[in-house]
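Next come two complexes built around chain A: one with chain B, the other with chain C.
Here is the complex of A and B:
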């Protein structure tokens, strides 16, 4: 079950944070997203030669914490997508697929001429598309 | 709607289905829109430098969005961290998407280390534009310079980009050169990466 998705700009400023459960404290999710940014920076600045090839977009599992798993994705403009989920068994392909669709929705939201780059994304279409993607993620990985 | 699309002869152009993107836009439509853009900005400003700056700002917004779009469409994309990498990306991929062909040439400046030039025999945006004598060295290629600056800035390579006319002997119309001057931090980072 996806708990939260976030879009963070290239100066680590939050552009869009949306949580999908009522139970959890929004502040705790903000904190988890914020601490995962450090892991992203570490992966980007110290490329591990034995790991995935340099400059990949999908960063994979950033770190597991309490009962959450955090996945990261980095675009060419240093915009980061963070995904927080409570699923225990999540297939890699599913997460990649999720990020691909999320990236498509993000590109559409940014192409809006009324969107100011660096400010929060306030497009309602983007919010609707993200909820649709999140809902279908839960269904597809439930085999 | 997935299926075979039949090209019925539509009487009214408004009835035609929308193109799926990645197709071409008519040059005359773009030229008309661009001329209106230039004229609108001309009524708002008093001098040429301000007009160039406004065109460049318009181009900057386009450049930022083009980078996001291209990186998403290009399936096996890698993030560019090297100077030559991002320059060749601008020179071929961006030019191909925007103007349908790669730029004519990419050169390294001789005087300074941080200058690079992309030149084009005739910029698409300048094709139907002639500059009156009293405007001096104004070049509507400032719009394209803005696009390049938007792409470089969003990719993490801050630079100052300007457009210049370079007269060529043997040709009537001068060649257009986009001059890219990278910021100090870009060169330092490049030297560090070795």
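Here is the complex of A and C:
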């Protein structure tokens, strides 16, 4: 189950962060997202030879914690997407698929002429779309 | 699945935008009008670059990003690529389009451009009007590049129409 997704701007400013848990652990999840940003920077500045293809937008598993797995994605425009999940057995293809759909939703949201670039995304349509994508995560890769 | 817009609509919109800004909002301040039109282009380029770089590996250097502008970005906008790309390898790039789409429907006579005659002033005005129409595409290029993390200044040169050159100077 996905517990948290976040969009972080190129100056590490939060653009959108949403948790999907019943419990009151938003702060903990925000902390996990926050600490993952350093891992993203490290990944980008010192690309591993054996890792995913050079300069691919999908950064793969950033780091596992006791209960969570954190995945990252960095667009060409230096916007970071972070995904926190409790699933222990996650297929790479599912995560890639998730990020692809999430990126499409993000692009549509920032193409709104009333959206100010670099400011938080406040859009119900975007929030609804994100929760649909989150709900369908891992169900099937039909899309 | 991309949505498309009629070309004539875009042409009319661009012409109307330029006239409105030059003759109504900032009638006596062409440089202010130019800045506003450029800013609109900037926002458009900013948003388009986000969309067109989806599902594409990140660019490793400036040249790769400029090549993206010349090839894929230009194809999406104008259904053709930039015809010629020159660079001095020190941050200046010249993108030359031999037949720039947004100028082809402006009725300027390119043959009279260089002649010296008493009507020189009105032709000068023609070139001025044409250059007003170029602030928008300049803004698009600047917006796209700055969203890709490359701050730059873009200007346009139309000394021999319908050829059009965009000069990109990357800020160090």
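Simple rule for what comes next: the second predicted complex is superposed on the first by the 138 of 143 C-alpha atoms of A that agree within 3 Å, B and C clash if a C-alpha of one lies under 4 Å from a C-alpha of the other, contacts with A are read in each partner's own complex, and residues count from 1 in each chain.
Criterion: contacts are C-beta pairs under 8 Å (C-beta built on N, C-alpha and C of every residue); 3 or more make two chains touch, one makes a residue touch a chain.
None of these values were measured; they are calculated from a predicted model.
In the overlay built on the shared chain, the residue A:91 is in contact with neither chain B nor chain C.
By the touch criterion stated above, A:119 is placed in contact with neither chain B nor chain C.
In the superposition on chain A, A:135 makes contact with neither chain B nor chain C. Chain A uses residues 10, 53-57, 74-78, 103-104, 107, 110-111, 113, 117 to touch chain B in one structure and chain C in the other.
Note for the complex: chain A touches chain B at residues 10, 53-57, 74-78, 103-104, 106-107, 110-111, 113, 117. The touching residues of chain C, counted against chain A in their complex, run 43, 46-47, 49-51, 53-60, 147-149.
Partner chain C is touched in their complex by these residues of chain A: 10, 53-57, 74-78, 100, 103-104, 107, 110-111, 113, 117.
Considering their complex, residues 61, 64-65, 67-69, 71-72, 77-81, 154-156 of chain B touch chain A.
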